[in-house]
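Here it is, the structure in full.
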Amino acid sequence: MNRLQIELPGLSLKNPIIPASGCFGFGQEFANLYDLSTLGAIMIKATTLETRRGNPTPRVAETSSGMLNAIGLQNPGLEHVMEHELPWLEQFDVPIIANVAGTEMTDYVAVAERISTANNVKALELNISCPNVKCGGIQFGTDAKIAGELTAAVKAVSEVPVYVKLSPNVTNIVEIAKEVEASGADGITMINTLVGMRLNPSTGKPIIANGTGGLSGPAVKPVAIRMVYEVSKEISIPIIGMGGVTNAEDVIDFLSAGASAVGVGTANFVDPFVCPKIIEELPQKLDEIGYSKLTDLIGRSHR
Amino acid sequence: MIQQEKMKVIHHRSIATNIYELVLHGQLVNEMKNPGQFVHIRVSDSYEPLLRRPISICSIDQENLECTLLYRAGGRGTQLLSLKQPGDMVDVLGPLGNGFPLDASNSGETALLIGGGIGVPPLYELASRLQQKGVRTIHVLGFQSIGDVFYEEQFKALGETHIVTADGSYGSKGFVTDLLMQEKPEFDVFYSCGPTPMLKAIEQTYPDKLGFLSFEERMGCGIGACYACVCETTDAVSQDYLKVCSDGPVFKRGVVAL
Amino acid sequence: MNRLQIELPGLSLKNPIIPASGCFGFGQEFANLYDLSTLGAIMIKATTLETRRGNPTPRVAETSSGMLNAIGLQNPGLEHVMEHELPWLEQFDVPIIANVAGTEMTDYVAVAERISTANNVKALELNISCPNVKCGGIQFGTDAKIAGELTAAVKAVSEVPVYVKLSPNVTNIVEIAKEVEASGADGITMINTLVGMRLNPSTGKPIIANGTGGLSGPAVKPVAIRMVYEVSKEISIPIIGMGGVTNAEDVIDFLSAGASAVGVGTANFVDPFVCPKIIEELPQKLDEIGYSKLTDLIGRSHR
Amino acid sequence: MIQQEKMKVIHHRSIATNIYELVLHGQLVNEMKNPGQFVHIRVSDSYEPLLRRPISICSIDQENLECTLLYRAGGRGTQLLSLKQPGDMVDVLGPLGNGFPLDASNSGETALLIGGGIGVPPLYELASRLQQKGVRTIHVLGFQSIGDVFYEEQFKALGETHIVTADGSYGSKGFVTDLLMQEKPEFDVFYSCGPTPMLKAIEQTYPDKLGFLSFEERMGCGIGACYACVCETTDAVSQDYLKVCSDGPVFKRGVVAL
């Protein structure tokens, strides 16, 4: 028995550790460091229909136990991802979760339809929560009705299960999660970044050229855990939890809160070997708390 | 290959106002190839500060598995780094990026190395290596003021060295470009590292010369995965953008839109 | 000229440093440590009509660069505050901002009416954003219409200017700020805490007995700065900013973002002398960035 | 008076499994009055970890301005504390709270001191002070296992000392209350510090004795301002609640609802 095995719609995971979208590119850089087949899955960088050049630099700023980013969905576009990135990733025994973004609903649908046909794309992650683009992105994630409509539209064309990535920048995340579930989503991923800003004390101006950026890292973990806890009580589709995961204990916390797997984002910058390290630590942590397998932890905070 | 290692502090001392010289020992030194590459340093085990700090490799001693870094203790992270004592371990990721191409200069030629402030360090290993292959090096090093000057003797030992200070408190007064206009050194290739306005001025000063510039940008991952550190390219280049961390930090003149 | 002087509705502040509500009790404990007259003002602990016993313990949990609390508005009640705490504070030359809380709108009104008559209470702070009580508190702060009604009702009875304390746990804080302004508020204070949770990795259960708690400290500063920035662009009444202030540079950031003064909360626990230390540091920081007085900094991020 | 001081580490060593003995020097020692008071320690300059850690004062040497703390390196903060070296400075706030009342015991009487695990330390200064005023002390100290036992010799030097371990690997087996039921020591007043279930069992074991219990609760400020550390009181007390940090941590038996 693999104590770390997790089964989710479309995804058979050797372990629950999934590099989060935007923090792992399309895997190439990390493939120089370790074997990507050790990972549970990979959430690739947001893909849009056309090439995107993203925001001006500086695009990142450090904050206490966190960072802000405003990359702005820079990516080489759907065609390039289909022809280069995804085929290259086929050499690894790892399911790919394709993060889909856009400006209009039709963009999302077009990307989803095509990218869901790639051999190794086993699930989509609808990025309705990117705070760093002027149009699209976060609006879809802050209005339950629109989020539901988008989910349904993408579900209608996708060849693989669809996960919807929720924004934490909302008054009532449960409401949005329920609407997305009702609209046919196969799972939820959460949380995307919290909108934040850092100023340069000398000039008084924002450090990030875009002004605001998305806050991630250990600083946001308490917010992420709370939201996973609240949402998992109210929905029955699975959740991939993220926000500040840096070690095996954090994974246990997210699973306890109700997630079935976790995304690891910012921690990859602090330690590029963090994902394999967590995978290695997990069995021992399970022993310490007296559990035989990870699935037994899921949602135990509610029980 | 990029490695992560807890390297051991061998020496650590202040060499100018807020400038520190840090000598580290570890296997990672084996991987250091080109002058101009950098390392990404985690300054503490805490998550505050969270991110690594990119610091150029100033000199490489492969025999003793030692490398030297020079850095300015400015913000919170580098200030914490400055507290490390000999014997302490420092979490280093590297070597990162592509450095200065040594093969752009041939034996018997002259290279002009122009450094500004904390951009000076990577030029030191470059100068040594060029010397080793028989390239003459001229060094023009700009600083704010007399207290900021460092490594003058070290560069002098390798070749002709000019110090420039913005306030004229040491060496000649002004910017490095003022001295270059005045001295008009003869050379074949230039290599430069320093603040972006300086790099721009140098490109403009030598419109027809082959040259290489090392850039800075705020970084997340340092390995090419996060798209934090992109720079815009000129029309001369097919790609829209390049990543300072993995495509650079050194680019041929004319590649980066300045 | 006092370079740190700030004039706000009802409040003539020697300096912009105000201990935040709930982090300074009613001042007694800190009076043993330093002279409270050095402070710009004091935001006293939330006061309700009746005595409140608050939530079960544990009530606090540490997080990365932050903490969670779920005190639950424990306080000795309006009468006690009027008869003991406020008269005791009269020995100091410092304006008091009374934090007013309740379950029903009538509670707020009753407390506001009475407490605003105290000699040293120069302003009220309506706590419509406490995440740690089952009724009242945060609901008032997440619905713009209700927030506006409450503001108007309290304004009608208050003898002193009314500041409304906003919750960051909303999709659109600007909308709430505008409604509160339109309803007659004299100022805004922001932000209250972000709702978060920490689990015990051994048991999987929340560390805080209440389950969720309010996140404060340096971790939330980027969210607070972003919100002050956004709100200050859209309203014309002044803002007292807070969330993660620990030093003079943070004060400069909040003023640059658009606040006119700052609350200092969690930092008092890390260093009980933090407020006088910041006040002492401020003139030197002003010199460093080349400003002669603090008021020149207010809102410079927008300019 | 409560003070904040950077105190200097004089000695620091491990004395049992994960248990450290830390000797600090500073003016703050002048302020330490009662055994059972505690200090609030900031373990690093970073904001991660953020909060101070409450640690009881184990012994006070006013002549040399030194105090000793014993603590378990369990979580992140205390683990960081355990890395401090002699000569390092530690940010200490204290002394906090009200300790054990010495005047509850009179010369010639016998006091029973019962400690559980990391609740043992404050009893040591208490025992010394009671001795000084001519009170005989009996010490009953409970630990998990043989590796966790500390300060046995120190307590023995002051009086009759019984060690109890939960697993029986050292001293007698079981809980401190098992030993008390068996040995039935004669005494006038009891003083205890340890886990809440132990305190409760002791109150129940001696329903008619005068006694004092020291409590633990998670803290924010440590000085009485934040209401984090309240405990519920029994009907015997007029106040609804008390704060462990400033009203306690020591309360007379029967005050706190157990």
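Chains: A, B, C and D, in written order; residue numbering restarts at 1 for each.
The rule we apply is simple: a residue touches a chain if its C-beta (ideal position, glycine included) is under 8 Å from a C-beta of that chain, and two chains touch if they have at least 3 such contacts.
These numbers come from a predicted model, not from an experiment.
Student: I need the common contact partners of chain A and chain D, sorted by label.
Tutor: Intersection of chain A and chain D contact lists gives B, C.
Student: Could you see whether B-C or C-D has the larger number of C-beta contact pairs?
Tutor: C-D
Student: In whole angstrom, what separates the CA-based centres of chain B and chain C?
Tutor: Centre separation, chain B to chain C: 47 Å.
Student: Centroid of chain B to centroid of chain D, CA atoms only: how many Å?
Tutor: 55
Student: Chain A to chain C: how many Å between their CA centres?
Tutor: Each chain's C-alpha centroid was found; their separation is 34 Å.
Student: Counting in whole Å, what is the centre-to-centre distance of chain C and chain D, each centre being its mean C-alpha position?
Tutor: Once rounded, the distance between the two centres reads 36 Å.
Student: Find every residue in chain B that makes contact with two or more other chains and list them.
Tutor: In chain B, residues 47-48 touch at least two other chains, as defined above.
Student: Could you say which residues in chain C touch two or more other chains, in rising order?
Tutor: 63-66, 217-219
Student: How are the chains arranged in terms of who touches whom: line, ring, star, complete or other?
Tutor: complete
Student: Give the list of chain A residues in touch with chain D in this complex.
Tutor: Contact set of chain A toward chain D: 64-65, 218.
Student: Could you list, by residue number, the parts of chain A that touch chain C in their complex?
Tutor: Listed in rising order, the residues are 63-66, 68, 142, 169-171, 194-199, 201-202, 204-206, 211-213, 215, 217-223, 225-226, 229, 244, 249, 252-253, 256-257, 285, 288-289, 297, 300-301.
Student: In the complex, go through chain B and note every residue touching chain A.
Tutor: 1-2, 4, 42, 47-52, 77, 93, 217-231, 240-241, 246
Student: Which positions of chain C touch chain D when the two form their complex?
Tutor: Per the stated touch rule, the residues are 22-25, 28-30, 32-33, 45, 51, 53-54, 57-67, 69, 71, 74, 217-219, 246, 266, 268-273.
Student: Which bits of chain B are touching chain C when the two form their complex?
Tutor: It comes out as residues 47-48.
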